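Following this line, the structures themselves.
After this come two complexes, each holding chain A, first together with chain B and then together with chain C.
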Partner chain A sequence: MLKQLRNAALAAAAALAFTAPGADAADDKIRIGMTVSSAGNFALASQSGVRGVEIWVDEVNKAGGLEVGGRKLPVELVKLDDRSDKQMTARVYETLITDEKVDLLFAPFGSTLTAAAATATERLDKFLVIWSAAADTLYDQGFKNIVSATQMPVSRMPVASLDLAKELGTKKVAIVYVDEPFPAGLATGAEAAAKERGLEVVLMERYPKGAKDFSLILQKARASGADVFFPTSYEGDLISMVRQMRQMNINFPYTFMVYASTPQFQAIGEDGDYIYSHTNFHPTINWEVNAGLNREQFVEAYDRLFPKAEYPADFQTVLAYGAGAIAGEIIEKAGSTDAAVLKQAALDLSGELTVLAGPYKIDETGKQLAMPFPVVQLQPEKGMVTVWPSEVAVAEPIFPIPAWTDR
Partner chain B sequence: MTADLLLQGLINGLILGLIYSLIGLSLNIIFGVLRVVNFAHGEFIILGAYAAYFLQRLLGLSPFLAMPVIFVMFALIGWALYFVLVKRLARSDDPETASLLVMFGLSITLGALMLFFFEADARSLDYMLEPPFLMFGNIVIPTTRLVALAITLVITGITAWFLYRTFPGKALRAVIMNRSAVATVGIDVEKLSAMTFGIGLGFAGVTGVLLAMIFPAFSPFAGADYTLIGFIIIVLGGLGHPIGALVGGLLFGVTEQVTVVLADNSVALLVGFALMIAVIFFRPSGLFGRQQLR
Partner chain C sequence: MASSLGGVAAPAEGRSGDARVGRIRISLWIVVALGVVLPLLAAPALTENLSFSFYLMLWIILCTSFNLVAGFTGYMPFGYVAFYGVGAYATGVLHKTYGLPMPGALVCAALAGAAVSLLLAPTLRLKGVYFGIVSLALAVIFRLVVSMLPEDITGGSMGLILARANDPQTTYYVTVAVLAACLAAAGWLAFSRTGVALRAVRDDADAAAIVGIDVTRTRLKAWVLAATFPAVVGGLEAWYTNAIDPEASFNILVTAKVIVYSMAGGLGTLLGPVLGAGALYGIDHLIWQKFPVLNLMFLGIIIMVMILVFPRGLVGSFAQRFPLLRRYIP
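Let's turn to the complex of A and B:
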């Protein structure tokens, strides 16, 4: 950590020192600016993400660069520190644009910092590629030059799982959520998505953080006649719910739990069997990519470039890498780094690209409409396997989930 | 179906209320005898859950067998802690306030230590009773809850017998009523106090195992929630009154669970607090104030 801090400080100092002479270098390369959090709440996720961007830069430059206006231009990544600080982020993005003279920008990690960065890029009319901001509100603010290349908004995260629920012939959904921003956002999204698909929402039940007992909530869900049980809480509560479902013989044909894909949840063993969840990076998820590396090549590149990384690549790395691959296509299509031209190219490419993280599709606001988190199921013999959508499914969903008494 | 759910809520409330009352009981014994406001009670409860978790993981001990082991372990810790920490409080000008601050500090320290050693992930005891549940008409009751209820009743029974039928128990009640008078008749109040703190923490540990059995996931952060429940219960029942805790627990449990059925869980928490405020307002000494004890 200390070393990273020092490196970041050195990078920042070096960047400042060379600002003036380096400013007109834009002609023979494409300079991309972004911030990384050397410290603070977002440090871990931010550093996971930037590795993805670095893999993309390495891959592009090894191939001689991006083709812009008939010339191959290498890509240079200019990284500055934001220390997970919102105020600092806005200032540093200004520095990147006015002093560093970067051509376009990648967003920092998360909705909070991305919103701060977007105020700067909009004002100074630069294109911003987003890879991790999931708050729906970001896309409702009228920002013109933003594109979420890979991260779908919270409200759309339940879409794939409810598509599968519909496909399996379910009719009634019970949604349960802890009263916290992210789970509540997921629950509202699930409610809307269920209604869109003609599913009836028979229970929308909230509970406060710190609740320990779910037995009555579970019985209310059973009494509601739901065949889809859709709690959007964090791991601990989900573990309690599954155990109590078993203790009270409560069964739903389709139970989807957002965090059932985590190792922490799966540590509960066979009680977790048959539960549906979602994830976007798993050995059984292999999209037919037409831009950038596929999963195997990506893992190989990660190990080669970051042999000393403390963690393997995670979904942040995948999202950021995917955003890089899509940005490359957008730049080549636009043939320019003008924000409006890039945005138009981004819209033109909507629906045309599939990267490691999935298919790409945006609307006018730059909101990501595709990039579904594939649905996985914890199957007793096979472990966690992808069951939806069909492009990446490797197993048939086991439906209905067998009752506790039949296992 | 709502009638069934209501009945289910009522039964749930009675069972949970009795188990909650164990939190209040140990908290109340400690407060009654030592005038110590044990703000770290919830952390000791969670430590009890972790103790059961590790006894099972490392020695393969079932949570049921772990309970007596944990009681003895925590009682010894309590005994030692009395001499290290609690005894010194008596020298303060205002022991009650001092104890609140010291125990609040201890609560933060224990929470941080658990986070450091056990990490933030939720843990769960791995056990299952056969059959997992019993049906009474349309009412489902998990076997675990019935067993936990039985254990709670046994513990409460033993405590009542101890408090009302044995000499140390009677002495303990006497200290609650009048500490200096007990000292003048030649009872070693010091030894009695250490024993009380030991018993209090022993109960906290066992309560932790019971709670981990019926609420399957626990993490280092959950301690404060249980401390809060404990205080609501003893305020309802009467500070320092062992039987008051029982009534307070039942009242809180039933109110909470029935509200979950009629409204939702967020409202239930609100109603629990409203109940406490109402009791403070109309009967500041609790339903079983200190007057009734005499």
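Let's turn to the complex of A and C:
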């Protein structure tokens, strides 16, 4: 028993030895707080994003830091683990602000965690840079100190593809979606965007999760007379739809599939040809950047800093890196880390910056209005190429999509 | 595991001895409860970091109410998070979708928790691990039901954002009040005749029935009480973080943590869950702040060591080491 007590005392002592860090605010650097999910559902996406921010921090510090009030200040990234847990997120952000004394913060991955983080940053009056929260509702809560530097809300995601559809002279849109929040959000956004552009929505069809047979839906879409087919489901459903379209010889002049840009979708081979999709990170997407690294420099930095990373850079890394580059410009413009001053600087810079992820434009609520995902097309000879908008297009769109019988 | 704890005094001492021991135990519990509540009440004046104390209260409330069913009646509800999630959603939906003020929404959350516990009361007929499995399945079902409700009511899998109600200070003080109520209710249940009856039912339901205890009613009291507090806490957490979604609100980790914390402290005593929640949550906080990447691994090791060293929980092992003091432990 005594031995047990001694063991217990040792365990307790070991636990107590991990004393809390008493970080002091240092005036000679800018401390930026951020969460990283070591485990849980958001771990991969969160870590992808953190790598993007780390590339930005490395780039800034190599250049001697950010210029604030006539002095060059290096940037320090302070990370705490949220375990993809909303409860932890609230603690992470309060601890970063009150104990770690960070000057401003980067948001976690996803809308729920970002809302929890924003609650803390608003109460303690700190600036929060968002890179991955797509829920539209986040921006009408009256949060004063948030800015979505790179992530556009769900409702705006279909905008670029429908701009192209309009440009190509289409008239009628058939929207099909699985009954899940993200696809449903995209579908609602597409419906609104189509109407705004004077396109007629001839079909708005929801189907339950788990459906495998899309023949009825496809026939409905054909019967509706649509020239734009716009399903917003995930890869698996889209692949089934394409195969069934081929079997049933169903053709649309313009078919846009959100996930057709993923390697998983493209594994279906030539059946996927001519389909339109969108992405923000691809060798053929090269914006004229005026803040931060361009795509080549970014890829080089990623390979140099993370030679052992499990995954290559993805769109999360690009969004987070872009948010870093924009935050840097905002801090230099503000010359301060006061939340209200930073927010004003963020508004002043709206429409002025273009980063790796695209042009930056926000409204008063901090909602991102630009950063379009360029439209790509799977062209048989060239592979996936960017066809819209004109700033980044490298190929002409093939329109209308050739019928199955003509291929 | 804890069936011998908090039992009646040795027969030789007689009735007056029993009463004296009872009074000491009640006094000790009052001291403990005040010792927990008062510092937490003062915490906002000392630090701006409310979250640490807020979630400490959350775990103490969850563990204490979990103990009412797991420790006092011997049922192990592996789906305990269902009450928490139902409370979070009742609060979120009533406030956001139907515009009910927060206090009203929280009261409704408590009622929702109680209603769900009554709905699930028939599962109390199951025993041991069968009850646990059914309870786990029910938690998954509740989560699915919530995600399948119309999106304009629950917000679907994206959940709801309630930031317009954002008022962490008020949320904090309301939580202190709920904590005090929870500790008081647990004390009442443990020291009242119902408490004695509960322990009798737990140890031998047939014998208890023979001496005239209404077994079903007694269990039901503990069950409803144990469901009401997590529902309120779910609502409070929704209010504090201003965001709910099915993933976070029905997270199985909530149940897992409640079980680990309570068992680390010692089920079956009032003190155990409070001590377990405080100790493990505190240790978790320290290593989490110190090791951003490896904290979960260290936490796992510490929990394993703790269970190996104190298989009956902190309080249970103490009672085993000092058997004479056992009956004074609240």
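As a convention for this text, the second predicted complex is superposed on the first by the 382 of 407 C-alpha atoms of A that agree within 3 Å, B and C clash if a C-alpha of one lies under 4 Å from a C-alpha of the other, contacts with A are read in each partner's own complex, and residues count from 1 in each chain.
As a convention for this text, contacts are C-beta pairs under 8 Å (C-beta built on N, C-alpha and C of every residue); 3 or more make two chains touch, one makes a residue touch a chain.
Everything numeric here is computed off the predicted structure, so don't read it as measured data.
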Tell me which partner touches more residues of chain A in the superposed arrangement, chain B or chain C. C
For A:Ala118, is the partner it touches chain B (first), chain C (second), both, or none of the two (neither)? second
So, A:Ser240: does it touch chain B (first), chain C (second), both, or neither? first
Touched partner set for A:Gly189, first chain B, second chain C, both or neither: neither
Looking at the overlay, does A:Ala135 come into contact with chain B only (first), chain C only (second), both, or neither? second
First (chain B), second (chain C), both or neither touched by A:Ile217: first
In the overlay, answer first, second, both or neither for which of chain B and chain C A:Gly49 touches. neither
Given the touch rule stated above, what does A:Gln264 touch, chain B (first), chain C (second), both, or neither? first
Complex contacts: residues of chain A adjacent to chain C: 1, 4-5, 7-8, 11, 15-16, 18-21, 36, 38-39, 41, 79-81, 83, 85-91, 94-95, 97-99, 111-113, 115-116, 118-120, 122-124, 135, 137-138, 141-143, 180-182, 184-185
Spell out the residues on chain A that touch chain B in their complex, using ranges where they run on. 179, 205-208, 210-213, 215-217, 219-220, 223, 235-237, 239-240, 243-244, 246-249, 264, 267-269, 404
Would you tell me which residues of chain C are touching chain A in their complex? 47-52, 54-55, 58, 151, 155-161, 163-164, 166, 168, 237, 240-245, 247-248, 251, 253, 283, 285-293, 295-296, 298, 302, 305-306, 309-310, 317, 321
For the complex, which residues does chain B have touching chain A? 1-2, 4-5, 8-9, 12, 16, 121-122, 124, 126, 128, 132-133, 140, 142-145, 211, 214-219, 222, 225, 257, 260-261, 264-266, 269
